[in-house]
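There are two complexes below, and they share subunit A, which is joined by subunit B in the first and by subunit C in the second.
Right, the complex of A and B next:
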């Protein structure tokens, strides 16, 4: 089942203004993505961990998610050190492990973890409906925000529809295997989901028209910077500037 | 076909965002408010369909479906994929903020290209529909893998081997996507043929 695991708004970060969180997460992610030195990246990773603690996320789910995306990183560790050209560190059979390859893999590992942990702490802890309205306030075009909100609204409905169809085909003795029958069954199932969503969209639009839709979704969330936001703002700015300065010091 | 956070260089990330912004702007311009609901709900259904894991030998793959997305939505594929990837990031943490632009580009450009390359043949030549649909599903994934490889090579020339590996590793996915696209398009052409053209193309309602 699709669900939002990380929401728990008794924690500090989760009570900050969502606009502030989005802007900071974006700036921080890009800053970290452009760093090259391991010292800066390790500092960034520690800062991300701190944010995670302040966000009070569910650690069991977090561990699962971290495992999932670090398994991708592991693949890079298997390929990059032997495919990079550079100074040789070790020889394993026909392969040469290069210094540059190892450094680059370490860089990617630290970067991706630092960015993802900050993303989980700041963004994944926010309900998508709130993110949508906050994005609108941040001058993202209304149409794309509407698509985001509608997709979020119907993703759960359509998942239930999908579960229903899966139950139906299982009841009829369907066992997925590597054969044409399986691919055909899944293709028809998807086709059915698409047709039903188009019909549903038609009804949704009619309902929206009935309620006087004029190209705007109104939000009950009042976005206003509160005291905690004003306290946090200088810390956030300092974090990014501090990291940039650290990167610059390490470079020279 | 998803490039993780922290892999690509700044210039690649920024150009990814710039090009995705252009594509999304074109897509949104073509969509009236009455199409917004359709793109939203269809985007949700692509999101769910891409969660299906299709068995292949001892392992399984999940489908990318950007060929079908292109056929059904045309330029609307850009906003639909952008939104689906954002939701994927927020709900499952597959990817984050910085790689959103380039990952949208990697999937949406092949979708739009497939729409122009194969759309009219699929609508107008019922005899060729099977072959064309296979080509559509296959090409969409192939182009996506090529774009992902290109993004990596622009970041760091040493990624050449990795890029080649990505394309080779996606060959089974391309074939399965092709097969699934044949059946899915065949099904839609029998049940709801008018769905096989981007809905901003004509005024008649579904």
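Right, the complex of A and C next:
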């Protein structure tokens, strides 16, 4: 199940205009992704952590997410240091760990975590419906926004349908094994879910037509920049410029 | 004089599925103003098809449809019709597609060209009337089955249709929610057609009973006679109470 764990708008960041948050998160991610120096990246990671605190994120849930995410990063640590060419640091059996490999892995770890944390603080704290409408206001094509919103709405219904089917086959004594019967059953299951999804899409569309839908969605949310947004804007800009300056100073 | 009172008139409607099975055969039907019809019939007898044909979701193979005396033929005509006739789907999940309840209820109003502000106010007013206060920010997929059904009804009622078509509005509901839907329907002063198998609920919400058999609709008498009528159906075997 997808859940919106992080939403709690008593916290400062969560009261900011979602458009502002999306724009800042995107600009910040691009900036961080392009930095090369560890000093800048560590600073960025600290800034991201600060944003998390301001967003009032539930740390237990956060830890779980980070664990899942960093297990992917761990894979890089297993591969990159021994496959990168460069100055040798250690020798483990037939493998050579290179300085460049370790640095590169560290860079990726810092970058990805900094971006991830910033996104959790700024975006994961916003309900998907609000993100959708904010994207619409930011001139993202309507079609893409509606795919996002409708997917989000029906992914649960499809999951329920899947669970129902799974229960139905389990109650009839199905135990997955490595054989044709199992593969066939799963293939039928997938096929059935696709067919039902198509049917449902048709019915949803019909229901929309019945309520006068003519291809255009009208948004309900009225976004307006408030004082706190105007106060935050210079801070956000300064953060990105500051990081860029830091990166530049470290380079020379 | 009777002619002016007829809201929906179907004549010689024929419809077959793509596989050739004929569902509606030379169907004639009339809905008069202030008439509240309960439609019963076996599964697969074409009741849902009949509802969908009236709002143009399915095209009849032949026959004529008149709504408020005007013949409706193509998609353009039906678009106008759909503003007057609200269809409540059997499965509320098909009806509720927006993230929040308020957005879903406002959807039809926005399509009617109302401003976001107006749509919000009208919707909130309706929530109050339907005793759904506080539902506006609820997330549609997290509602219970009964709540979904009530909200789905609200999404259509908010558009103030002149006729309401309801496909199995009582099925699978608990007693309390069923009672609420019955209350809402019996307080409406518009015509409607309810497709249902629940004779007790129909007796409380409709004035006339029709049944669908062999692709045609026959008038079975008024709902107060439902009692004597429905024991001819297998449903009469099951023990039940009558409120009338």
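Here, the second predicted complex is superposed on the first by the 251 of 252 C-alpha atoms of A that agree within 3 Å, B and C clash if a C-alpha of one lies under 4 Å from a C-alpha of the other, contacts with A are read in each partner's own complex, and residues count from 1 in each chain.
Quick note on the criterion: a residue touches a chain if its C-beta (ideal position, glycine included) is under 8 Å from a C-beta of that chain, and two chains touch if they have at least 3 such contacts.
Bear in mind that the values here come from a model prediction, so they are computed numbers and not experimental data.
Q: Based on the shared subunit A superposition, would you classify subunit B and subunit C as clashing or fitting together?
A: Subunit B/subunit C on subunit A - fit side by side.
Q: Which of the two partners, first being subunit B and second being subunit C, lies in contact with A:220: first, second, both, or neither?
A: It touches subunit C, and subunit B stays clear.
Q: Using the superposition on chain A described above, determine whether A:208 touches subunit B (first), subunit C (second), both, or neither.
A: So A:208 meets both subunit B and subunit C here.
Q: Looking at A:182 after the superposition, I want to know if it touches subunit B, subunit C, both of them or none. Which is it: first, second, both, neither?
A: It touches subunit B, and subunit C stays clear.
Q: Contacts for A:152 in the overlay, against subunit B (first) and subunit C (second): which applies, first, second, both or neither?
A: After superposition on chain A, A:152 lies in contact with both partners, subunit B and subunit C.
Q: If we overlay the two complexes on their shared chain A, which of subunit B and subunit C does A:200 touch? Say first, second, both or neither.
A: After superposing on A, A:200 lies in contact with both subunit B and subunit C.
Q: When both complexes are superposed, which of subunit B and subunit C contacts more residues belonging to subunit A?
A: Partner with more touched residues of subunit A: B.
Q: Taking the superposition as given, does A:191 touch the first partner, subunit B, the second, subunit C, both, or neither?
A: first
Q: Which holds for A:92: it touches subunit B only (first), subunit C only (second), both, or neither?
A: neither
Q: Look at A:128 in the shared chain and tell me whether it touches subunit B only, subunit C only, both, or neither; answer first, second, both or neither.
A: Touch status of A:128: both partners.
Q: After superposing the two complexes on chain A, what is the shortest C-alpha distance between subunit B and subunit C, in Å?
A: In the combined three-chain model, subunit B comes within 10 Å of subunit C at the C-alpha level.
Q: Can you list the residues of subunit A that meet both subunit B and subunit C?
A: Residues 128, 149-150, 152-154, 157, 200, 204, 208, 213 of subunit A touch both subunit B and subunit C.
Q: For the complex, which residues does subunit C have touching subunit A?
A: 52, 55, 57, 79, 82-83, 86-87, 89, 91, 93-95, 97-100, 102-103, 106-108, 110-112, 116, 119-120, 140-141, 155-156, 159
Q: Which residues of subunit B touch subunit A once you look at their complex with the stated criterion?
A: Contacts found on subunit B: 4-8, 10, 13, 24, 28, 31, 33-34, 36-45, 47-49, 51-52, 54-57, 65, 68, 72, 79-80, 82-84, 86-87, 89-94, 96-98, 156, 158, 160-162, 165, 176, 179-184, 187-188, 191-192, 195, 205-206.
Q: Quick one: in the complex, what on subunit A touches subunit B?
A: The contact residues of subunit A facing subunit B are 2-4, 25-26, 29-30, 32-34, 65, 68-69, 72-73, 76, 79-80, 83-85, 100-101, 104, 107-116, 119-120, 123-124, 126, 128, 131, 141, 143-144, 146-155, 157-159, 162, 176-178, 180, 182-184, 186-202, 204-205, 208, 213, 215.
Q: Once bound in the complex, which stretches of subunit A touch subunit C?
A: 127-129, 132, 149-150, 152-154, 156-157, 200, 203-204, 206-214, 218-222
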